[in-house]
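First, the structure itself, so that you have it in front of you.
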Amino acid sequence: MNQDRYQNGLDKLMEYTLTDNIEISTHLKISEALEDIAPDVGKYIIEFAYGEIYTRKGLTNKQRALVTISSLVTQGTEPQLELHINTGLTAGLTEEEIVESITHLIPYTGFPRVLNALTVAKKVFAIRHEDKH
Amino acid sequence: MNQDRYQNGLDKLMEYTLTDNIEISTHLKISEALEDIAPDVGKYIIEFAYGEIYTRKGLTNKQRALVTISSLVTQGTEPQLELHINTGLTAGLTEEEIVESITHLIPYTGFPRVLNALTVAKKVFAIRHEDKH
Amino acid sequence: MNQDRYQNGLDKLMEYTLTDNIEISTHLKISEALEDIAPDVGKYIIEFAYGEIYTRKGLTNKQRALVTISSLVTQGTEPQLELHINTGLTAGLTEEEIVESITHLIPYTGFPRVLNALTVAKKVFAIRHEDKH
Amino acid sequence: MNQDRYQNGLDKLMEYTLTDNIEISTHLKISEALEDIAPDVGKYIIEFAYGEIYTRKGLTNKQRALVTISSLVTQGTEPQLELHINTGLTAGLTEEEIVESITHLIPYTGFPRVLNALTVAKKVFAIRHEDKH
Amino acid sequence: MNQDRYQNGLDKLMEYTLTDNIEISTHLKISEALEDIAPDVGKYIIEFAYGEIYTRKGLTNKQRALVTISSLVTQGTEPQLELHINTGLTAGLTEEEIVESITHLIPYTGFPRVLNALTVAKKVFAIRHEDKH
Amino acid sequence: MNQDRYQNGLDKLMEYTLTDNIEISTHLKISEALEDIAPDVGKYIIEFAYGEIYTRKGLTNKQRALVTISSLVTQGTEPQLELHINTGLTAGLTEEEIVESITHLIPYTGFPRVLNALTVAKKVFAIRHEDKH
């Protein structure tokens, strides 16, 4: 019965990860790493986060990525920021838009969160550039 | 010498507040309220936040509003969220896009921040609807 | 198809609200208040939060209430804290256990969050005592 | 046996509240308000916060007030900020130093926390000015 | 005069660390590491946190561990979370209860904090399993 | 036109970094590291943070360092805390004043943030002691 939500979630996740294999593997790596102690959490990410929230209408994938990144910069949760800078790029955000969004947050979060986020962004960009070679 | 930055900031602020008089008055009310104890802070908002950050290229006004709102929902700073739901609407975001952005944050901030933000949004929408009559 | 999750969620919510009518009405009041602008969020609270998370095995209702309250004290999201001190009492936590849990957080959050939370708790206790008369 | 710590804490608290009766009453009001549900928390504030931490050497009372205010602005815990702007003034900080400290935090917390803190400061200054008449 | 509080604190700390030597050494390692620059902080942890707060009545050791872990997951302070997942296990929480508590927080903190906390939990469980061999 | 603000900012930055070469290099290293993806952010730090905020009157350099450190301890942004413990020392704060300020925050942030900050402080002190040999 949750099969549809799971499949919808997986399909949606693919839209954020289809053009390359970096993020899907990251998503799967996290889910797999926690598979033994908390198998349901990976399921909730697919079914609820991707299957119910990301599949909603009203915002484009790029807009959803922008909203997600802005929240993670503000929280300072860097492992997830790394992942979602990746999914944002695959969803069609340019590197410039991501840098610009993080820079735009200076008046709202102050410099420390912004500097830490830009450091993560720089690392993600470098890995993706390498992968293209 | 800072005249240009101030004027640029004020011009940009107008873009977020031109179609109605709600937010500009809110911005000015905050600045005026603090004029006596901290006159420079209002100046920094115009010159730095609007004059230097909001006038940057690379994102549309709507995207900047989306990034701002997402950060404020995450922080839970409700007076500023109220203001920027207003500027977001003036910048061209629809009510639906704003509600959708807040809803999208459930997997990233949890329900409490989202519920508090939606309560603010509802209030802002109601005030603007009243003002149209 | 989500009917089961919704019903399970509603049943579980009842366990936290059956002995009196305070919290169910609070939960419903929040959902109803947001019904017009964000109808799905109330649905997600029932289906996901109550239907999928609260119905999991491994913790008692009292333990879940303790975990919830501890997180909300730490976040400082007071409207939700008020609601969940109520659900915690209905789930079987005593007033003393709730005060003790908040007090226990002094070394982890500092005094400000604890004092604000105790002020909320005092208010909730008073309302419930009144209702009994 | 804790009598000394309690007395030391009370003496130290007096240094922050002796020149006027605003804050001591605020401190006592908070303690009294929670006396019935959590009597020990007021005791910990006197014994631990004032009796052990504030009585330490190495910083002046003014420096301790500055550190406290900076943390509370950053946390956004406004009831405590109101209290400690008051104790800061009694400890010898000028209104200008307090406004300047809050303004200094713009690059570290962003504008929202700073604006909310200045609004609290303005209110405290006004109450103290009134009291002098 | 503080001897009793110190001894009570140390006794209580032992209850959280007696069945194995992992956490006591962790606690002592932190205290020892800071001994040279801030010797009193380790003393406050023993005397105030363990000697005054943890020795209070009204909650079991397991409940206190649950409250502590929930706050640390919410704050995202991972070094302390690692320590207190350890003390929680020694206090009698099962691995399943700890995972379940963290999972329960998804609706209150969102997925990022939960995923980071589960990663810490997995690491702690692995170290303790190794130590048993 | 911004030349003056930039130069003023750079001059002020020098006051926080002149007696040794540790922090200026750290500041420059961060700016240089982000030069390729976000060149303007380093400029804003010099022009706005140092050129406009740090050059304001009303607080000494030592007081500004104290305010900055207190905010960063509260936020838990450790890379920036490391940098500003360094600038604080160069601005004239003693190691004892820095440790004392962090210790003073126990009642306001709880032990976790304080312990993590002291660990950063210990590392910074050790590096500076080494550099003197």
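Chains here go by letter, A, B, C, D, E and F, matching the order in which they are written, and residues are numbered from 1 within each.
Operating definition for what follows: a residue touches a chain if its C-beta (ideal position, glycine included) is under 8 Å from a C-beta of that chain, and two chains touch if they have at least 3 such contacts.
Heads up on the chains, UniProt names are A, B, C, D, E, F = Carboxymuconolactone decarboxylase family protein.
This one's a predicted model, so the numbers in the text were calculated from it and none came from an experiment.
Contacts with chain B and chain F are shared by A, C, D, E. Farthest from chain C in terms of Cα centroid separation is F. Of all residue numbers that take part in the contact between chain B and chain D, under half occur on both sides, making this a different-residue interface. Centroid analysis (C-alpha atoms only) places E farthest from chain B.
For this pair, chain B with chain E, the centres built from the Cα atoms lie 41 Å apart.
Distance between chain A and chain F, defined via averaged C-alpha coordinates, is recorded as 31 Å.
Centre to centre, using the average C-alpha position, chain A and chain B are separated by 25 Å. Contacts with at least two other chains are made by residues 40, 44-45, 48-49, 56, 72, 75-76, 80, 99, 103, 105-109, 111-112 of chain E.
On chain A, the positions that touch chain B within their shared complex are 45, 48-49, 53-54, 56-59, 63-64, 66-68, 70-75, 80, 96-97, 99-101, 103-109. Listed in rising order, the residues of chain B touching chain F in the complex are 1, 4, 40, 44, 48, 52, 56. Within the complex, the chain C residues that touch chain F are 105-112.
If you check the complex, the residues on chain A that touch chain E are 30, 33-34, 36-38, 40-41, 44-45, 49, 72, 75-77, 79-80.
Contact residues of chain B toward chain C in the complex are 76, 95, 99, 102-103, 106, 111-116, 118-119, 121-122, 125.
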